[in-house]
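Structures given as structure tokens follow.
Note that chain A is present in both complexes that follow, paired respectively with chain B and with chain C.
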Partner chain A sequence: MAALSRPAPLPRRAAPLPRRAAAWPRRAAALAVEVAGAAARRALLLVVLLAVVFAAVEALPGDAATAAAERGESAADLAARRHLLGLDRPLWERFLEWMTALPTGDLGTSAQGRQVTELLADPFPNTLLLGASAFVLTVVLSLALGCWAAARPGRLTDRLIGHAATASFAVPEFVVSVLLLLVLSLWTGWLPAVTVTGADGAPASWAMLIMPVVALVIPQTGWNTRIVRGALADQTATPHVEAAVLDGLPTRQVLLRHALPGAVPAIATGIATSTGMLLGGAVVVETLFNYPGVGTVLAGAVAARDTPLIAGVVICAGAAISLVLLAADLLRARVVGARA
Partner chain B sequence: MSATATAGPAAGRPRTRPGRARALCRVAPGALLVLLALGGPFLAPHTLDTPVTAPYAPPGGGALLGGDQLGRDVLSRLLHGGTALIASALLVAVAVTLLATLLGCAAVLRPALGRAVERTADVSILLPSVLGIMLVALAWPGGGRGPVVAAAVLLGVPYAVRIVAGAAAPLASSGYVEAAVSRGEGLAYLAVRELLPNLRATVLALFGLRFVEGVYVISMAGFLQIGPQPPAADWALMVRENAPGILLNPWGVLAPSLAVALLAISVNLAANSLAPQSVYKAVTFK
Partner chain C sequence: MKMNRRQVLWAGGAMGATALLAACTSGSGDTAAEPASADDKPKRGGTLRVGALGRAGAITRDPHGSQANESDYLVIALVHDTLTVPGAKPNTLPRLAASWEPSADLTTWKFKLAKGAAFHDGSPVTADDVVWSLRRLRNTPSGASRLPGIKPENIKAEGADTVVLVSDHPNAELPLLTRLTTFVLKKDTADDALDKAPGTGPFKLDWYRGGNARLVRNDSWYAGTVHLDAIEVTMFETPQAMANALLAGQIDVASNAGAVAARTAEARRDIQVLRRPDDMAMPIVMRTAAGSPFADPRVREAMRLVVDRDAMVKQVLSGYGTVANDILGTGDPHYAKDVPQRRRDLEKAKKLLTEAGFDLSRTYDLVTTEDIPGLAESATLFANQAREAGVKVQVVKQESGAFWDKTWKTGDFYTTYWGTNDSVVFFASKTMVSQAATNEAGWADKDFDAAYLKVIGTADETARAAALKELQRIEFDRSGYLLWGMADGIDLATAKVRGLPKLPGYGRVQLENVWLR
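So, the complex of A and B:
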């Protein structure tokens, strides 16, 4: 896709300034087409995911009616409830209805009979806040650590960062959370152990965000530092970086101005794919810190075996991940296009 | 697709390949821990389900690590709690590696299948594994470990296939494979006799990382209470169950947490040293 949308480089580079200014609207249009194309492709993949989720919920034994059933309920009661929830209609009809309702923000009805949208309206933004803070911190930290290690190849700093990154990316977030909770909260008392929710449904103080964010950041930084370090190592082997080194440019300049731009596509892909891990981890970490996010809602859904609610969360998470992947697609297309 | 891009010659990083003895040192902690967890049930001083002390009792008396939320011995439950976790993670790793290797070889030999695999991986990346496992395990009546393992395999395969296909793609266009194709050999022969022998390092690295991922996913499910159900002893479940009493007996939470952390780290180090660095990098990379 990047190869197709790449603008022809030669005329553009050869064109004198006035003509380039005249070509500006055309380039803006090309950019718009490119963005729309990438967005359409991501949207299509999201629709496929929705179809798979819907089919999975249908194909798996047990539905919302049996999930909410109480002990000793007769088959007739069950059938009545199934009719009430519309589960006795044909599969394609329900799928079509579900899909057409999605753009209006209707995610269906939970097993308890409440609107899924209503159940997720407060918690999902909180989870996004947690995930986005962790994402930004992960990007900054892994770029910094990866560059730092790459500036000292094979030396102690490089090896230490490498080992720490390898060790940390395998550890589940809930284990990191427990260790943080014990050290930072229960033994030293520096940070609050549980999140208290304010009147608006958000955490009452920013200090309550620190530990959940750190618990998410540590494993993800380990993973992404390895990706940044590896991408930079691949770049240092390329002729233009070798030439920059032989020109006697300082290490910092070689790394940031010559190696890093070429490494951006690999880094963007790597970091974008860890969004899913971040959101999944957020769900788990929230449970432990009592953070008012999707994780807390899901903990209830697990007990009630509320599949429609979980499908709703999957859709929201899928949409968020699609957006980050789209940003990575565009970034990659820009960098590759500019360097062609 | 970028797996192929990074699978090329390793970077100009001055890196001596660790010797056999050093590799052994790195594999040893993981192997030891796995052995301890598998043999643990025979070492436990108390039974699993009878209270021996007060709920959340601090260490002392007959219980070396104190009591859990029902006063059961934390140490005994700790020794029991790793077996099923490690066995499930191993099962996931073996199943994913096996399926991914076969599908990956078939995908490079049959381009249509290859494209389907690419699209499946694109879609599956939108589904966080924790949520996917919740979805499957909850819709499954009865729950338990079975659906969690099945879901972990199902969600792990598409991405793993992409890695194997990335490594196998350059082989598929090599002379000896083309010769075998023109001899009229079948798909199975091509995959098993021509491609597989040259994919050993990739498959080994893949297995190591899938084991790491398996430990992560299975323990995550345990913590969310969608895998093993309460009377069972499981490290991740212990963390969840004993969390309310963390102030009274921190060991009830700390000991299983450390066990999971040590298992994850040592298995990861072992996986890291089992395969050549360039292959490991290709597998880690997206």
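So, the complex of A and C:
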């Protein structure tokens, strides 16, 4: 697990006081250990998750051989198919083989005999693009809306934003998607209804990204706006913010300089949990807009009992989510640490 | 978690459909589709954008593998040719094999290859290429069911242009087996070279990526003139997304879009709804073996009298289908149209059930899946209809994997479906002869077996037709199937597309005659 440790981050200030400089190597090492530990815990969690995935697919009725078989295949044909897919070996052996190949970047072979890495080579970047765009937009919008509402506590704007946020979080992605499709594509013809890809495997036009991204952003922005607003409300009640208000500082400055920094840990945690929901929502949104991402791969893979493919999707999505959670943890540790 | 997601997708689909309906009824100013006139002369040129169903995780490029994706099968069928292809009448037409001839005992069949047939790289197709390809197909796990009765060593070349297939038993319908999966590759094509292997078909592969592909015209195709410059295939996971793409003008044809999309598109005058009859059979299987509540033929007859076929077609298939008569293979040119149509007769059904001592106090489970649209609905509607005859039927929905693993071939009462419906003999051999590997109802009937052997062992056309009639009569009287209707295959297309496929089932891939106005 030593490979997982990251190089110590550079000091923020180039020339600190000599006394603090002496403390730096120790602090950097401590931080590195902390990061490595957190990363190791997350990696271990992923391994457990993968074991659960393997066991869960095994527990489902039928297997990849029966799913791919044609009607009329005899028991011997099925056995041959099972052998070809390696399904005649015990589960732990297949799991171990898959896990040991993982560090080399080999995700195994799908039930249709294609390399899983090849099957995910286009969809995973496409989903990352979709997820990252939605993530950035969610962060920007919910911070802006949350701050705007917090600046006018109890006033009409605050109440409107609060209700709108609750409402949009309550609406599932597929309802948003269908409405968007209807209005922006089928009625007006402004946007393409589905995503089609060209010879390069990427969406043929950026306009095809708009509706899927918006469909993901609306519910998540609702959720995170409430978190931002709530965290800011907690902060406004703290003595140092009250003092800033009593000092007569402008609202804007109080919010951004005094309240927001303290609210960062809560906000970071809230937004980080959104990553999982964004990827979960991607499964639905990708299907509705025919967006060529891992969501569509996953849906088919479960039906086909294609364990290596399911595991491949899980490890990619799991790694992405883990990285964001890790970043959130570090951000929180840093902010809380700095204040301690 | 999985069920939730499934439910969500279903709900999404339903919502999408309703929304689409609303979108279409309010649409206006659409240009009317001009009626196709018979003297329309095909125009050369243009690119056809086709949508076909498929899933990114299941993509395959192996012409002899199991093609779970319609999109993959479409690409393979346009790039590679099979020995024969489905037709309307007769149901088997020449393609790479220009003609065929059986021996007197109907075991040895000689296929003569079409003159001028060549691969896309220019090299001619030889009997050796065909033999190698057929053996490769035969040696896959599905090989024995795709070429039943033909051992790999009994596939041989005779000279440069003749391929000989020897069957273990007389088989007058052997050419039928060579229609759908006998794609021909060059001899010794390596498994890792399949993606770019040249075919002999009407289109050449330009590129393929993640289930989507672009194909360009094969100017020197031996089997006819191809009008289109190119075909672009886009894979869709759901019929809803495919229909949306068509309505938004992103594709020209939505292949096998289904009844829900068709109902939506009917309101749009700029979209053609093309129906290919006899596409899908969704029979109810009643186990005939001892121990089953349906073992008594009178009970099975009663169930067939209980069902209201017109209502089933109207409600389950939204009217996109036809009433059937409990004989499978409705698209066969030799289908027995003269057997009187069975109709609902509750009095007679009740009488038969009483005579057979059928236990009306029990509730019978009818197991179904949501594998194809309408299947679960057919079970539910049948259950309601059976209640009117005093038979209590409870519908049990199983997840697809569970159904095929646990219920199929062993359950007493379940729904099934078949997508190739242009041969009575195909169903007899696959599902009704007592020894059939997929005898879904566990049916064993000496008279039926005898009739089957007579059909496949008789060379004389008239005598065979008579035997085929007898076989269908027995099937009508006492098989384990209740076949209430046949679903149409439905393609949607924009007004400019002409020459689209009319055949059911795998005939939907025959795009070689398509042209654009």
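Operating definition for what follows: the second predicted complex is superposed on the first by the 303 of 340 C-alpha atoms of A that agree within 3 Å, B and C clash if a C-alpha of one lies under 4 Å from a C-alpha of the other, contacts with A are read in each partner's own complex, and residues count from 1 in each chain.
The criterion applied here is as follows: a residue touches a chain if its C-beta (ideal position, glycine included) is under 8 Å from a C-beta of that chain, and two chains touch if they have at least 3 such contacts.
Just so we're clear, the structure is a prediction, and the values are computed from it rather than from any experiment.
Engineer: Sticking to the clash and touch definitions up top, decide whether chain B and chain C on chain A clash or fit.
Structural biologist: Once both complexes are aligned on chain A, chain B and chain C clash.
Engineer: Classify the contacts of A:Asp77 with the two partner chains as first (chain B alone), second (chain C alone), both, or neither.
Structural biologist: In the superposition, A:Asp77 contacts chain C only.
Engineer: Looking at the overlay, does A:Leu298 come into contact with chain B only (first), chain C only (second), both, or neither?
Structural biologist: Once the two structures are laid over each other on A, A:Leu298 reaches both partners.
Engineer: Answer with first, second, both or neither: which of chain B and chain C does A:Phe174 touch in the superposed model?
Structural biologist: Both partners, chain B and chain C.
Engineer: Just checking: does A:Ser110 make contact with chain B only, chain C only, both, or neither of them? Give me first, second, both or neither.
Structural biologist: The answer is second: A:Ser110 touches chain C but not chain B.
Engineer: Applying the touch criterion given at the start, work out whether A:Ile227 contacts chain B, chain C, both or neither, answering first, second, both or neither.
Structural biologist: first
Engineer: Just chain B (first), just chain C (second), both, or neither: which does A:Leu182 touch?
Structural biologist: both
Engineer: Quick check for you: in the superposed arrangement, does A:Leu288 touch first (chain B), second (chain C), both or neither?
Structural biologist: both
Engineer: Is A:Val314 contacted by the first partner chain B, the second partner chain C, both or neither?
Structural biologist: It touches chain B, and chain C stays clear.
Engineer: After superposing on chain A, which of these stretches of chain B ends up overlapping chain C: 113-121, 185-193 or 239-247?
Structural biologist: Only one listed stretch clashes with chain C, namely 239-247.
Engineer: For chain A, which residues lie in the overlap of the chain B contacts and the chain C contacts?
Structural biologist: Residues common to the chain A contacts of chain C and of chain B are 60-62, 66, 172, 174-175, 178-179, 181-182, 186, 283-284, 287-288, 298-299, 301-302, 305-306, listed in rising order.
Engineer: Which residues, counting only chain B, touch chain A once they are in their complex?
Structural biologist: Its residues touching chain A are 2, 5-6, 8-9, 11-15, 119, 122-123, 125-132, 134-136, 138-141, 212, 215-216, 219-220, 223-226, 236, 239, 243, 246-247, 250, 253-254, 257, 260-261, 264-265, 267-269, 272, 281, 284-286.
Engineer: Along chain C, where are the residues that touch chain A in the complex?
Structural biologist: Per the touch definition, chain C meets chain A at residues 2, 5, 8-9, 11-12, 15-16, 19-20, 22-23, 26, 55-60, 62, 65-66, 68, 141-146, 148, 207, 209-212, 214, 234, 236-238, 240-242, 244-245, 247-251, 399-402, 404-406, 430, 437-438.
Engineer: Within their complex, state which residues of chain A touch chain C.
Structural biologist: 60-62, 66-74, 77-78, 80-81, 84, 110-114, 119, 122-123, 172, 174-175, 177-179, 181-182, 185-187, 189, 192-194, 196-197, 199-201, 283-284, 287-290, 292, 296-306, 309
Engineer: Quick one: in the complex, what on chain A touches chain B?
Structural biologist: Per the touch definition, chain A meets chain B at residues 45-46, 48-49, 52-53, 56-57, 60-62, 66, 153-154, 166-167, 169-175, 178-179, 181-182, 186, 226-227, 230-231, 233-234, 236-237, 265-266, 269-270, 273, 276-277, 279-281, 283-284, 287-288, 298-299, 301-302, 305-307, 310-311, 313-314, 317-318, 321-322, 325.
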